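Next come two complexes, and both contain chain A; in the first it sits with chain B, in the second with chain C.
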Partner chain A sequence: MSWTKKILRVNLTEGSVNVEPLNMEWASQYIGQRGLATRYMFEETDPQCDALGPDNKLMFATGPLTGTMASTGGRYSVITKSPLTGAIACSNSGGFFGAELKSAGWDMIIFEGKSPSPVMLNIINDKVELLPADDLWGKSVWETDKLIHEKANDPQTRVAAVGRSAEAGCLYSAIINDLHRAAGRSGVGTVMASKNLKAVSVRGTKGVGNIKDPARFLASTSEQKQVLAENAVTGQGLPAMGTQVLMNVINEVGALPSRNMQDVQFSEANNISAEAMLEPRESDGKANLTTNAACFGCTIACGRISTIDKTHFSVENKPEYWGNSGGLEYEAAWAMGADTGVGDLDALTYTNFICNEDGMDPITFGATVAAAMELFEKGAITTEHTGGMELKFGSAEALTWCVDVVATGEGFGADLGLGSKRLCEKFGDPDLSMTVKGQEFPAYDPRGIQGMGLTYATSNRGACHLRSYTVASEVLGIPEKTDPLVTDGKAGLVKAFQDATAAVDSMGLCVFTTFAWTLDNMAPQIDAACEGDWTVDRLLEAGERIWNLEREYNNRAGLTGADDTLPPRLLKDAAKTGPAEGKVCGLDEMLPEYYGLRGWTTDGQLTDDVRQKFSLPA
Partner chain B sequence: MKITVKFFSSLMEYLPANASDNSIELNEAVAVSPLQIIDRYKIPHNEVRTMMKNGTFLPEEDRHVSLEDGDVLTVWPAIQGG
Partner chain C sequence: MLRSLNIDPEKCTGCLQCEMACSYENEGVFNPAKSRIKVFTFHDEGRFVPYTCTQCDEAWCLHACPVEAIKMNRETGAMEVSDSVCVGCKVCTIACPFGTVNYNQDTGKVVKCDLCGGDPKCATACPTDAITYVDANATGLDKMRAWAAKTDNAASA
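After this line comes the complex of A and B, so read on.
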């Protein structure tokens, strides 16, 4: 139980909507959400299909704890084949959309084919219909959300939509729900737009009542909420400062990449930090941060709600951006700030607003701008390409111009929308792309935090911090302190984080709970909610199974061990300052051990023993 | 002996009025340890979680060891992100 045991299959080519039972055998092996949808992808798609063609599928998937009383149980993911990486994509989002979908009675939606004209899916419990969306095409996410709400006349309708960037073919477009929560990475929004699917709106009033043992579930979730409340990170640190508190920490340890990862520290880090977001402005005495915010069922509330200084150049004639909206998280602030050398908090907040308004992944966007700035400084990109804009490191004007043109895909915005890998190839210097498998790094330099190098190199969706957050251990000592500058022991650490995180995602919980919880805190909750005996060992086994199936999908898509690498800059150019000065990332010292721990071949292929151990499909 | 001290996040409230960029410059005549510094600024020990000396994690057992000329001490409460 706790699964609704029903999925929606929407054939966009035919315009049909059908109801199917959830495959419960797969649910028992892959839990839900990320894991279960990967199983469906593996069964139903050719891993070598064109990510932007009708043969790719797009799956919105909840977990068994989504929509329940479990803290943070509001997550859903979008699973598809990524146009940015060619690998399996799974982009996880919070807000309220996922819980609403579950409350409407659905575990998953599978979109297949391609609609001949723009459409949206409207779900009101069991009433599900494809509607024309010609009037929404060409609109931003925010306009789309507004128009859908006006028609629905129900403020509790939840909307997930793509913006103009996705329509224009930007390869890192996100799906935005609830105005500023994002299934952000790997271009899942680009896939959605390629199917002429503009939006999904959902209203669910059924609730999630099919709990196996309600009394035990109530007791367990209450007990574990108390653990979150009493933990200094989840009870105090994250709600007060958000993830942005890391800006100064990572800068101090010398792992804050700057100027397209040429440097590992940024002199203006404090100007764009959580601490800076609390400072009153000269113009109106208000701070950038208005308040914190929580997603459905979350008792941590790390989200940021911010305003931009009305006198700032980016918005001085744009009153539509003077109000409160989704503020900066650490990864976005790093990519658009430290990595581009821009230390202007208001410029970053504006850029963040536009990434939400028109649906772009701010990490890939910021890192792509950083690569473009380096290409500009080397003379490969000129003002002739940009129409006059000088893409200099540190230029807030250039950054905000870039976000405006990527949002619409106009002019040089189409080049920036390619992501840094294709951009750097186009302008003749592919080594300047700071990517793995075509996806840009997040905010930790693997020369200063060695485990993150292995994390990035082996992530199944390209460079990503959310697949194995060894920063917790290497920098902050959770669950135990390890030395960030050594490679010894990191293979095991990365594997443990990868397997556990796959299980957390697949339950429908937020990975931020793991700052206070381990699987020991989660197993009693899912066991009380769901049929079958859910133990820590079973969750870990499922997590490892999910990791291996994602890898198998990627191998069949054509990726190999040769793709488990890092850009030359991180392997050959030593860090110039800070504790990591003189260090490169020792990936070669970690990767063979990692393959061994996984039971893979020396070139990163699954073995029959592994397939058999986890009962992977043929 | 010059030492730079930085308090971040919720520990900002313990910074003196002359602090700039979350940072204060100390000019010490005699040796001083990280623990003595947080006592000087009346930071309750249970509010301190992460300490770094020159960007390197400072374990609890080393926090009584005197700092040296030019050291940068940074202090945080319990934090995480991602």
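After this line comes the complex of A and C, so read on.
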């Protein structure tokens, strides 16, 4: 139990809403959320379909622990085929939307087809209807959220929506829920807009109550919350500093890429760090950070709530941005800051607000601007293309201009909305795109943290840190310290992280718990909540099954081992400074061993042995 | 010793663990919609504020009830609603100046915080001590201590 065992199937072409039982055999193999929706995608879509065509499907999926008292149990994921990568996409979000969906009685929503005109889905428990959304089309996420709340006349309604960037076809648009939490990566918002689906609003008052062994569940969740509270990272570092606690740490390790990954350290890192967010500013004596904030059920509370300096050029004439909203996380601050060479904290906070307001992935946005800046430096992009704006590394004016034009897709914003791979191809220098499978790197240079090179190259959704966060081991020593500069042993480390993370992402929990928890801490919680014997071994097996099914989907979509690589810059140009000086990423020392550990062929294909071992569908 | 809930909004992160603990204790379901304690988010100000019944000594709800369904628990000081007596007239929800007595459509009765019989689950579940259950005579002690520290000139010299 703890699944509601019910899913909604919404056919946007026909305008129909149907209720189906959840496939419990699949739930027992794939848990929920990321794993379970991948199984549905595999069954119901052609991996070669056009990601932005009506044959692609869009799935909102919760996990069995979503909506319960397990710490961080408020997650949902959006699973679809990505228009940015052509691979399977799975973007995980917090906030309150996922728990509300579960509380309304639904494990999943499957959207299929394409609506002839803009619509939104309104869910109030069992009452589910598609409503016209012509009045919302053309509006930002924040405006859409406001209008839906005014109509619903219920402040507890939770909204997930796409902004103007998605409508304009930006390939890395996010789905934003609760104003500033994002199913952020791989363009899941672009898929949503391609179906003319503007928003999903949900109010759930049923709650989650079908716990297998309530007394054991309450005791176990309570015990595990204590583990989070007593851990230095989840109990102190993340609540006080957020993920931004990493900015200075990673810079010192020599793995903070700067200027489109030409450098591995950023001289102004401290100006855009967690420490800087706590400094009172001159104009009003307030710090950038107002408070930390939690997602549903989360006892870590790493979220940032921030304001922009009212006297800053980006907002001095825009009082609508003077209030509090979601502040900078590390990945966003890196991409929009270090990678573009911009050391202006208020400019970054402004671009972060706009990424939330109009639904863009700040990692891909920032890295694409960085690539555009390098193209500008080389003369491939000129002021003629930009209409006069000089796209210089380090220019806060250029950065804030870029976010405004991508938000609406106007002018050069349409080019920036392509992502760096297509942008660099268009302007004749494809090697300047810092991507794997078309998706931009996050904030760890694989020359300084070798395991992350293999992580990026083999991630099933293109470059991503959240598929196997070996930074935990290589930099922070969790669960045990490994040397970030060596490749030995990293294949096994990456595989172990990938499998465990796939299980975490499928339960309804947040991957940030893994700074303190292992599957040993999670198994007792899911076992008390759900039918079946959920041991660590079973969770790991499910995680490996999920990983292999994602890979199978991608192989059928046309991706091969040749796509498991990194841009030449990281394989050939050595790090210029810091502890990794002189190093390139030794991907070829890790990849063959990794394929071997996975039981795959030497060109990265699944074998029948693997398919049989995990009972993968044919 | 009488104890009361002491709420410090400064410490609240808006996680809703209190709402889940409350709804599970009282309704057997993790359901913020059925919680007797509520966390309010003031988005523009970046503030989260938990709010629930303060168990007034001269309780408006108790005095307004025409059937005497609300009585004080002598041990805990909580004003408790007797479901078998409550007729669902909702006069107490009008009388309460703070809005902390509410009607439950499913049962036809009113619901309010009863301090879980002296072991309030919201306080136990709160991860940041934004909600504590303390000596009713000394709910201001932490604030006094904080201000006392600020007025100690020697410490800042």
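In this text, the second predicted complex is superposed on the first by the 618 of 618 C-alpha atoms of A that agree within 3 Å, B and C clash if a C-alpha of one lies under 4 Å from a C-alpha of the other, contacts with A are read in each partner's own complex, and residues count from 1 in each chain.
Keep in mind that, in the parts below, contacts are C-beta pairs under 8 Å (C-beta built on N, C-alpha and C of every residue); 3 or more make two chains touch, one makes a residue touch a chain.
If you're wondering where the values come from, they're calculated on a predicted model, not measured in any experiment.
*Asks:* Should the superposition on chain A be reported as showing a clash between chain B and chain C, or a fit?
*Replies:* These partners fit in the superposed model.
*Asks:* Considering only the touch criterion stated at the top, classify A:A232 as touching first (chain B), second (chain C), both, or neither.
*Replies:* Only chain B; A:A232 stays clear of chain C.
*Asks:* Looking at the overlay, what does A:V471 touch: chain B (first), chain C (second), both, or neither?
*Replies:* A:V471 contacts chain B only, not chain C.
*Asks:* May I ask you to decide whether A:N324 touches chain B, chain C, both, or neither, giving the answer as first, second, both or neither?
*Replies:* Second partner only, chain C.
*Asks:* Would you please give the vertex angle at the Cα centre of chain A, with arms pointing to the Cα centres of chain B and chain C, as a multiple of 10°?
*Replies:* It is 80 degrees after superposition, to the nearest 10.
*Asks:* After lining up the shared chain so the two structures overlap, which partner does A:V315 touch, if you call chain B first and chain C second: first, second, both or neither?
*Replies:* neither
*Asks:* In whole Å, how close do chain B and chain C get at the C-alpha level once superposed?
*Replies:* It comes out at 14 Å between the closest C-alpha atoms.
*Asks:* Which positions of chain A sit in both the chain B and the chain C interface?
*Replies:* In chain A, nothing is touched by chain B and also by chain C.
*Asks:* Would you mind writing out the residues of chain A in touch with chain B in their complex?
*Replies:* Listed in rising order, the residues of chain A that touch chain B are 231-234, 236-238, 240-246, 248-249, 252-254, 270, 274-275, 330-331, 465-466, 469, 471-472, 475-478, 481, 511-512, 515, 578-579.
*Asks:* Touching chain C in the complex: which residues of chain A?
*Replies:* Listed in rising order, the residues are 67-69, 71, 96, 103, 156, 179, 204-209, 214, 218, 222, 225, 229, 239, 290-299, 301, 303, 305-307, 323-325.
*Asks:* Touching chain A in the complex: which residues of chain B?
*Replies:* On the chain B side, the touching residues are 6, 8-10, 12, 21-22, 49-50, 52, 54-57, 59, 72, 74, 76-82.
*Asks:* Per the contact definition, I'd like the list of chain C residues that touch chain A in the complex.
*Replies:* For chain C paired with chain A, touching residues are 13-17, 20-21, 23-24, 27-34, 43-48, 125, 127-128.
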